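One structure follows; several queries about it will come next.
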């Protein structure tokens, strides 16, 4: 009880101190709100003509995202399992695995690009690889947390039937997390499509580049077109992913 | 003046704004191997001259500075020429000064001792390349920067057109982000030529010590105006002058210059006016015809 | 084995098999499309030399940047980043709650309600961070506050989605028990849902916090003063020693946060 | 009084849970529902307090239709119906006491319950209920630290603490030892008799049914196949209810 | 043969589960363990296949110490012990058939099981097991679509399909109707007799214990208070085992 209370107080102090340090001011936010509308107004109406123009980069982005996310997602599976305390019970394994995971997540996109361009040149390959590394970070982290939270009953049952570790994982862990894993996978796919800036850094084109270009021309109506286009794509992905999750599992 | 979109109105806007505190937005320009870009040294220098509090914010993106100027959240911003032209058109900014830098020695990229308010774009090829003139670029792959980049696209493309090469139709373009990436792609053989500022090769000297030996300047463009220092248009005339003088003074003062040189790679400031950027407008106009 | 038993053996329902096959074929087609036109991988000659330079730079961090009397150094920048991330995460953790419950399938009677919630969350996520940042720059100017708001509002999309799914995944039995005893919705949430989803909420929030710490780009754009801008400058200028020390700082900070948050989580769960 | 009028329930996957049930249960009855596993006993019980929405028909509680009830009135009907779940439905991460107290929330304002400000009376009630099922000493343990039978008893205590007018108990003694079984059944019987609380219990034990019920209802493949006072529930009748295993076509009745 | 040598188990929160148990169970025995709820029956059962690590002592299965076993040898000991869980422990998202088949994985190479390439024999075995407990028609349903008793039966089918030499059953019939109860117990008894499979069952029903057991073990607060052939398990003995509710100090024996 007291501990919870102290934790609570700690969090409050943290928030309060941060607010002071960063000069948060609610009133200036409210005062400044109308300024936001001038920018939003510039976005309307969207430039419908621009749609046809961005279809190709959008498809390219999707294509690279499919490959990159898949590679990252596949690589994430062993890491997610090795990082989970309830799967490998040895700190010798799960601590290093988690550390690797955290380390890879910390690499900024720009540094990834700086590393890949000298090795692989510019173009799709480094783009896909960069997406893969990025997706790996997200999927591994989220998947590992859901593995740690599974119901232990079926695990016990698999232990009791004498399953070896791999069978134990496949019959006890996997069915319980597949749905969540799929959803993290698709979530990461979605991120890769909408914030494909990394593709631009390695000269792989993609929709992120178009967003930057339209922005640097202050063509906010085209920005809105890109947003709407991305939204449509994301909704379609969402729809498909829900169907897959419902039907397959 | 906000949103008038008309040059004249913004020029004649009521000069009534008197800053109580000067808010500055600073984006280190791309054509400098800047790495410090601290906010406080500049703020301190200006504060001493202006006798009002000065707040400098260092950011990585010009859009933010332009939009902040537009909504009067910022009094003064460092803008590259293209962004300045666009901001001015929106009625968001009037130019006050331009930054001065040392000229660049075309051979090895080292600094000359000359102080200039312009820089140039170069088209680079590999030393052993059989591209000997702009004409030879036909059918080759060129690495560009963003289509708004003066050195990375506009200047090179417009001047290529003058020589009969259409940057959209006659060559295969690849858009890259970063002049450093462009040079790496050139060294790698991913592209046959790149348009970069003079001299971007310095950025990658660490990884590729022989970059100057392996590449060759195919073409050098006309001058591009240096970064501007622009203010919100409704700033009072008196304060515009006061600020401009303060900057110039800092650049002339040896101690001040040492600071701005080491931290911002500026070596001084010179007064400027909007007409200096007509050349930018011309190029931006011409670049629209490319590919048509 | 007796014949009758075999005959009565139920078959996998045909409808489901057709659906599975359709999905499988669709997935295969997508991958075929994605793979076709992928260029060959070829390693560049320059790789060794360049990577060596980068790595050696990263491993020789610029220790001088850690502390600077002027106050614009690694430690100050990290502290500022931390403060921004705390507040940004706080805002989003609060704001996303209604969205999460709105979007969770098992919290509303009609599917269209939760679908609408999911749509809104998608729309928030799709709205680019960059534009979000510009909007807030326009309203509060450059600086940390704009960064906080941009981070806070942008991450509502992600947190809302993940929270919503955590709610969908929970065991519904306990909530049923509360419903059966006549508890209203809020009471049901408080007594049966919250205790169950709390661990997931906490860990997603902490994950989001960590992302916020690492959101150099958005913090650089708004001039938030954190570690974002220096990191981007150092990367653009290929100053690997500086990149090295900054990354080291971030890694240490994230690890410490991870440790602290881990023990807080243990306490609260 | 609980009235079922032409009640049917089809699960989304097509399984028929209940088929055209008509039934009246009087106030103060002690009804035991028996039937094979999968016959629809739980479905029947859960439709009374509308944990499952029925697909056809109407259910009236003391003359008020719970099928049509909305908002506050639905809540207050439910508050007066306590339920003991077959699979306990405890919040595993919360303490035993908090689980039991959660049965009391229907009596207090939202804000009060959220702050955890239960009146002393409620806490006593909760501890009393735990005492009755012999696990008062576990009051401050987390629910997932308990043995199977202990968890079941927490679930019973929660329903007892609710002070409802109707109690629905879904196999309340399945995981209990004979001694605790007897105590729980005695308790249910006593509150049934003393307070006139209508009690409906799903049970698998014929002897317990005989001993405690005033009325027995036999369910088979979603239909009521026996309904009468306990005296009429002869061995014969029971073997009719359980009789032979349910035929496949009886059980797998997919909705057309 | 199962031997307990000075076995004790203390839970991390201090609750004593088992206190210095010494016990030998012969091959082919049909042992029923009885005791109050919370007495330690599940704990005893689970320590046999080392689902719980015991804190003291040693357990031998056919002369091999499971307490010391590692790697492959532990797996093969476990494969030969089937378990029916009190709370079923099914993978709710998987189909019934897959749940049952998961009991067979110990017999096949890893790769084969991962690809789902169970031999036809196994699938027949699984369907047969489901048939025995009367839910073959649900083979392709998801486990969470089943009623409580049906889930329990899936858990039984999994253990039957495992073709183990020892079966541990933790209240296998708690949620079953009398008919299915009888079928399940008959089945357990038959395989016990015909195949000589040692069977240990936790039960709450004295009559069932009497009818099926060859030996009865009474547990009380983590200690064995009765152990003998079924004939000796008189009513008196039972009431000694259950007798009075366990005193608080007996139950709350926190480890010092």
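The chains carry the letters A, B, C, D and E, assigned in the order they are written, with residues numbered from 1 in each.
What we mean here is this: a contact is a pair of C-beta atoms (placed from the backbone, for glycine too) under 8 Å apart; a residue touches a chain by one contact, two chains touch by 3 or more.
What you see is a predicted model; the values in this text were computed from it and never measured.
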Chain of greatest Cα-centre distance to subunit D: B
Of A-B and B-C, whichever chain pair has more C-beta contact pairs: B-C
Centre-to-centre distance between subunit C and subunit B (centres being mean Cα positions), rounded to whole Å: 35
Subunit D and subunit E: spacing of chain centres that average the CA atoms, whole Å: 28
Gap in Å, rounded to a whole number, between the CA centres of subunit D and subunit A: 45
Multi-partner residues of subunit C (at least 2 other chains): 8, 16, 44, 46, 49-50, 54, 130, 134, 138-141, 143, 199, 217, 232, 236, 238
Multi-chain contact residues (two or more partners), subunit E: 87, 137
Residues within subunit A bordering two or more other chains: 32, 35, 38-39, 118, 121, 123, 179, 215
Of all residues in subunit A, those that touch subunit C in their complex: 3-4, 7, 14-15, 17-19, 21-25, 28-29, 32-36, 38-40, 63, 66-67, 70, 102-103, 105-111, 114-115, 118-121, 123-125, 128, 141-142, 145, 149, 179-180, 183, 187, 190, 194-195, 197, 211, 215, 223, 227, 230-231, 234-235, 238, 243-244, 247-248
Residues of subunit B that touch subunit A when the two form their complex: 2-3, 62-63, 66-67, 70-71, 73, 83, 86, 90, 143, 146-148, 174-178, 181, 184-185, 188-191, 207
Residues of subunit C that touch subunit A when the two form their complex: 16, 19-20, 23, 30-31, 33-35, 37-39, 41-44, 46-47, 49-51, 54, 79-80, 82-84, 86-87, 90, 118-119, 122-123, 125-131, 134-136, 138-141, 143-145, 147-149, 161-162, 165, 169, 199-200, 203, 207, 210, 214, 216-217, 231-232, 235-236, 238, 243, 247, 250-251, 254-255, 258, 264, 267-268
Residues of subunit E defined as touching subunit A within the complex: 49, 51, 72, 75-83, 85, 87-94, 98, 102-106, 110, 113-114, 155, 158, 162, 168
Subunit D - residues contacting subunit E, complex: 11, 13, 15, 34-39, 42, 86-87, 134-135, 137, 141, 145-150, 152-153, 170-171, 174-181, 204-206, 242, 245, 248, 251-252
